[in-house]
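Below is the structure I would like to discuss, written out as structure tokens.
Order of writing sets the labels: A, B, C and D. Residues in every chain begin at 1.
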Amino acid sequence: MSVLGFAILAGLIIAGALVVVLSENIVHAAVALAFTFFFVAGLYVLLGSPLLAVIQFAVNAAAIPILTLFIIMTTQSRRIRPASGVFYLVAGFLALVFLVGLWGYLGAPETAFRPLGPEGLGVRLLTVTLLPFEVASVLLLLAMVGAVVLARRREE
Amino acid sequence: MITLTIVLLLALGGLGVALAAPLLKRGSGVLAGVTMAIFALAMILAVAGFNERALIFGSLEASPLTALAVLLLSAAGFFVAWGNLARGEELWGGPGEFFAFLLWGALGGVLLVGSTNLLLFFLGLELSAYATYVLAAYDRDRKESAEGAMKYLVLGALSSAILLYGFALVYAGTGSMEFAAIRAAFLKGAPALALLGALLALVGLGFKLALVPFHAWVPDAYQGARPVAAAYLASAPKIAVGLGLAALFVRAFGPPDAVTQSLLVLALFSFVFGNLWALAQTNLKRLLAYSTIAHMGYLALGLAIGGTFGYAAAGFYLLAYLIAGGAAFFALEAAEAAGVPSTIEGWKGLFKRAPGLSVLAAIAFLSLAGVPGLAGFLAKLYVFAASAKVGLFAVLVVAVLTTVLGYYYYFRVLQAAFLEAPKEEGRLSVNPSLLALLFVLAGLSILFGVWPAGAFSGLEQAFRVLIGL
Amino acid sequence: MVSLLIFVPFLAALVIALFEEEDAAFAKRFALGVSGVLTLIALGLYFRYPGEGFAYAEKLPWMPFLGASYHVALDGIALPFVVLTALLTVVSVLASWRKKDRAFFALLLLLEGALTGVFAALDLLLFFVFFEIVLVPMYFVIAVWGYEERRYAAMKFLLYSLVGSVLMLAAILGTAYYASAELGKFTFDYLELQKAVPSLASLPVAAWLFWGFAIAFLIKLPSFPVHTWLPHAHTQAPTAGSIFLAGVLLKMGGYGLIRFNLGLFPTEMKRFAAVLGVLAVISIVYGAYVTLAQRDLKRLIANSSVNHMGYVLLGIASMTAIGLHGAVYQMVAHGVITGLMFLMVGLLSERTHTREIGAMRGIYASMPLLGGIFWLALLGGLGLPGLAGFLGEFQSLWGAYLAETTRWMVWLALIGLLTLVGAMLWTVQRVLLGEKEKDYPDLDPIELAAAAPLVVLAVLLGLVPALLTPWIDGGIQPLLAFIRGLL
Amino acid sequence: MITLGHFLALSAVLFAIGLFGVITRRNLIAVLMSVEILLNAAAIAFAATAAYKDPVFFSGQLFALFIMVVAAAELSIGFAILLNVFRHTGSAATDVVEEMRG
């Protein structure tokens, strides 16, 4: 696995995420979100999982940002008023504490890298996680019905 | 196979209701009846298959604990469906779909409690959480409903994400998603990464249980939702997460003291601050919301102590809270339907105008306060006894003293309802089906308050099996 | 039989509550009938008491997983209070004959059942349950049917009592926990726990457990400095509420101190006897002085209760047979006499529409019957020999004199005693004597019937102590024998 | 050589950024976008761990798939509620949610 590839992807992901949380223009943030997730899909390729990468690209990097943009248009949001400095301080502090705390724990024992092809993943999806797979379908159904019920116009 | 039947029953029942709802435009009463029948059937099946032991599809465990989750969640769903019989097709976005979310929410809770791996646990949690997001937002025509639900969703999503990240770290630390393997790794000496993950998972679950300091969403969500929906928000997710927390700790995290001690601290904060904040409330929904935070603190105390008795005490607390807390919200619903706003001011003189409703509501509030003879008292007693059994006396003394605060604010409500003069004259006509529901709940409060042995032995059995894995 | 005394009132209260009738004619007759029969049963149990130890025991499993059982029994200490509870219920119902609300009578019956449970329970958790239940009906009796500041007074009563009782709950759980090491099981049974008393005594936390119980009982008693709820509650409570408060509720404190503090923590009792004694003396002297300064008749009697209960605490703190005997005797006598005083004040203020001492004169002249009984009650309250109040006070002081720790306190207590005599006589002079200002109707037959049993008892207990003494001895002696083996 | 630690570190940074966003953003849409970042951070950790430590079951990558499902479902409900908020208040700023009091 190429160190350079990982470094470039990681840099792009972090940069994209920073734009998402810092940009005052919400459209820029949404576009940055799409790019960030696109680079995460690249990360999955690096991890030897093209299936995951494709789905990440289709769902997270395409569908979700488009939906987000649609909502942005509907609600006519453009700019995000910056939060007060205190918020930034608190949030920054929290994030820093979280990071530093985690860094200390990152001594995970090294193990060999062993990727798995798409068929393997697909087979496992319908054997090992058959029940969760079905549950996920209920979850999507619930979300769909919920969204319809909450958003549809009142019938007279 | 009984457990699998129940799971299918809830999933397909929800599907059926969701499909039938648009066809039956005006028939939400029929769907309420069907939903109640499904829940009743699930309860009967759960009792019949209480001692069933099986592993379904390698990730759902049929055990007395799962059956217990079915019983409590179905009871919550049953009561909420009953409470929704009362009024308001005209008020609801989709009158019939409401019931599908009750069924799916219960399904999520059952899966969460019965799961044997992180994945199903997470999906079950999300399923039950999404159902509550929708229910919180259900009263579409009120601004508060949308706002409360939004806050609920944002903080719920945040907590899910934290929990999820915790799970990721547990997975990274132990290399497995299965509870049994994680437990084995924890018993060998938890990897630091996994321990951190367990703590993050605790934070996420603390959000769901509304423990201080992760409680900010509770008052707004409860205030915004219709009381019937709030009754569901206050009971079902707590049952699912409470039992799920016990299951997760026992099945996966073994005995990591750091995690249980953190839970103890959260519990302590919750019953101290929840009770203190509740003192200042004049809106009854917010009062109940803050008191819920306090109640969840006592519940978490039982969970943190653990062991068969501690968990059974927590289970009994859930049962008592489900009955009394639910009844309190239904009483608010009945009063609101009769035109009485849910504030202490509005409840003044309620006894003169609606004596039956007032007395039944009083039983609920007295049970919440912990008056002997009602289930709420024994629930607190068991949690306190559990802490005494492990010698936690400093916490115990704080806990018993905070119950005095609870008495104060619950009695303030009763004082308004029974002792003040009403502002308006005239008897209120209270919805009879809600009144019947309140009567049943009051009866259950008294039943479990006088004769707890049957319920408690069932709870002990469930947790004995869980711990004896 | 004991369970009958506890649960029949509960059932009767339920019947009244469910009975759909607007006026209370049925409710009061029904309540009177039930409490009358129960009084007879209680008297039957009283006179068939075998003379020593616990009798009439009943034990059923209740919460086996917790080691709590439904265990009730009566001994010579509890029996007089059970009879007193039943009798005062009859008196209270009669005293409230003009009340229009059936809920009121249901609450009185609830109180009766719960109070009987308190005195009969031999399981600590069961005791706690009844101890707590008492609060709810009493709260409503004060808050609904009391005088002007009833809500404040009721809430104060509730919160004071609760703080005490939740601390007691912690102490109960602690006692069970520490005793479980010795007993090998988690139990709340009083007789079982007594087996663990020696090992409890050796624990460093024994003092904490002791005070957990003691604070609850001192609040109930009430003793200085936690007595401040009493004047409010008494002043604001309706007549029946005051009778119950003075007659039985306060006795839960003294009873609990003897039964649990002395019975389970005798060594700690000895250790802290001086502290309790000092509190007692302060209560006696302070109570008497405050009584002297009152202008409200109900407040006056309420504060004299603080004084009277001081003797009880002093007698208990002496830990002598005579002192304990005096304490129990004083509690019973106080229940009778103070009950009578509150009854008379209640009837008096119904007529005069005031409780101001300054606004009343020549009551005896205008109402000889009411005035005469009130006179008797006030004399009883100051401890006149020949009336019930004398023996208890005398024995308490005597017992205190016999014990080393409390001997010097007796002299101070005497100051309080004399002050109270002055206060009571002065009240007689201000309220009862003098020219009559206005004519009031004297006692009617119902009111007389309410007062009669108390009048009879006030005199009888003064002249024939043998009606009470053997019973008290039958309860005290085994306890003292048990304690002597440990000290 | 890229190790699991690198991936976990990246995921931790991403999670911290997302957390920062959830706290500081004052627009509900932006908050939900930050939550998406949080979920993706977890998904990366899962997927990487599967490749390094779970060669038999590979359940982490399956989990990552399910996280995408969850994210999509969450957003659809979230946006439906958001539309209701917008309909009532005409704004998607967080302030409208903050001001509720009894």
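The rule is simple: a contact is a pair of C-beta atoms (placed from the backbone, for glycine too) under 8 Å apart; a residue touches a chain by one contact, two chains touch by 3 or more.
None of these values were measured; they are calculated from a predicted model.
Between A-D and B-C, more contacting C-beta pairs join the chains of A-D.
Measuring from the average of all protein CA coordinates, the nearest chain centre is that of B. As a whole-number value, the distance joining the C-alpha centres of subunit A and subunit D reads 6 Å.
Mean C-alpha position of subunit B lies 42 Å from that of subunit C.
Taking each chain's centre as the mean of its C-alpha atoms, subunit A lies 31 Å from subunit B. Centre-to-centre spacing of subunit A and subunit C amounts to 70 Å, using the average Cα coordinate of each chain. Residue positions 4, 8, 15, 18, 32, 48, 53, 57, 59, 62, 66, 70, 73-74, 77, 80-82, 84 of subunit D each touch two or more of the other chains. Residues of subunit A found to touch two or more other chains are 102, 106-108, 111, 128-129, 132, 136, 139, 142-143, 146, 148, 150.
Residue positions of subunit B touching 2 or more other chains, listed in rising order: 119, 123, 126, 130, 133-134, 137, 140, 169, 172, 175, 193. Chains touching one another form the pairs A-B, A-D, B-C, B-D. Across the interface of their complex, subunit B is touched by residues 61-66, 125, 128-130, 132-133, 136, 139-140, 143-144, 151, 155, 158-159, 162-163, 166-167, 169-170, 173-174, 176-177, 186, 205 of subunit C. Across the complex, subunit D meets subunit B through its residues 4, 8, 11, 15, 18, 22, 28, 31-32, 35, 38-39, 41-42, 45-46, 48-49, 53-54, 57, 59-60, 62-63, 66-67, 70, 73-74, 77-78, 80-82, 84-85, 87-89, 96-97, 100, 102.
Residue ranges of subunit B in contact with subunit D, taken from their complex: 117-119, 122-123, 126, 130, 133-134, 137, 140, 143-151, 153-154, 157-158, 160-162, 164-165, 167-169, 171-172, 175-177, 193, 219-220, 223-224, 281-283, 285-286, 343.
Of all the residues in subunit A, the ones that touch subunit D in their complex are 1, 3, 6, 10, 13-14, 17-18, 20-21, 26, 29-30, 33, 36-37, 40, 43-44, 46-49, 52, 55-56, 59-60, 63-64, 67-68, 71-72, 74-75, 77, 80-83, 87-88, 90-92, 94-96, 98-99, 102-103, 106-108, 110-116, 120-121, 124-125, 128-129, 132, 136, 139-140, 142-144, 146-148, 150-151.
Interface of subunit D with subunit A (complex): residues 1-10, 12-21, 23-27, 29-30, 32-34, 36-37, 40, 43-44, 47-48, 50-53, 55, 57-59, 61-62, 64-66, 68-77, 79-84, 86, 91-93.
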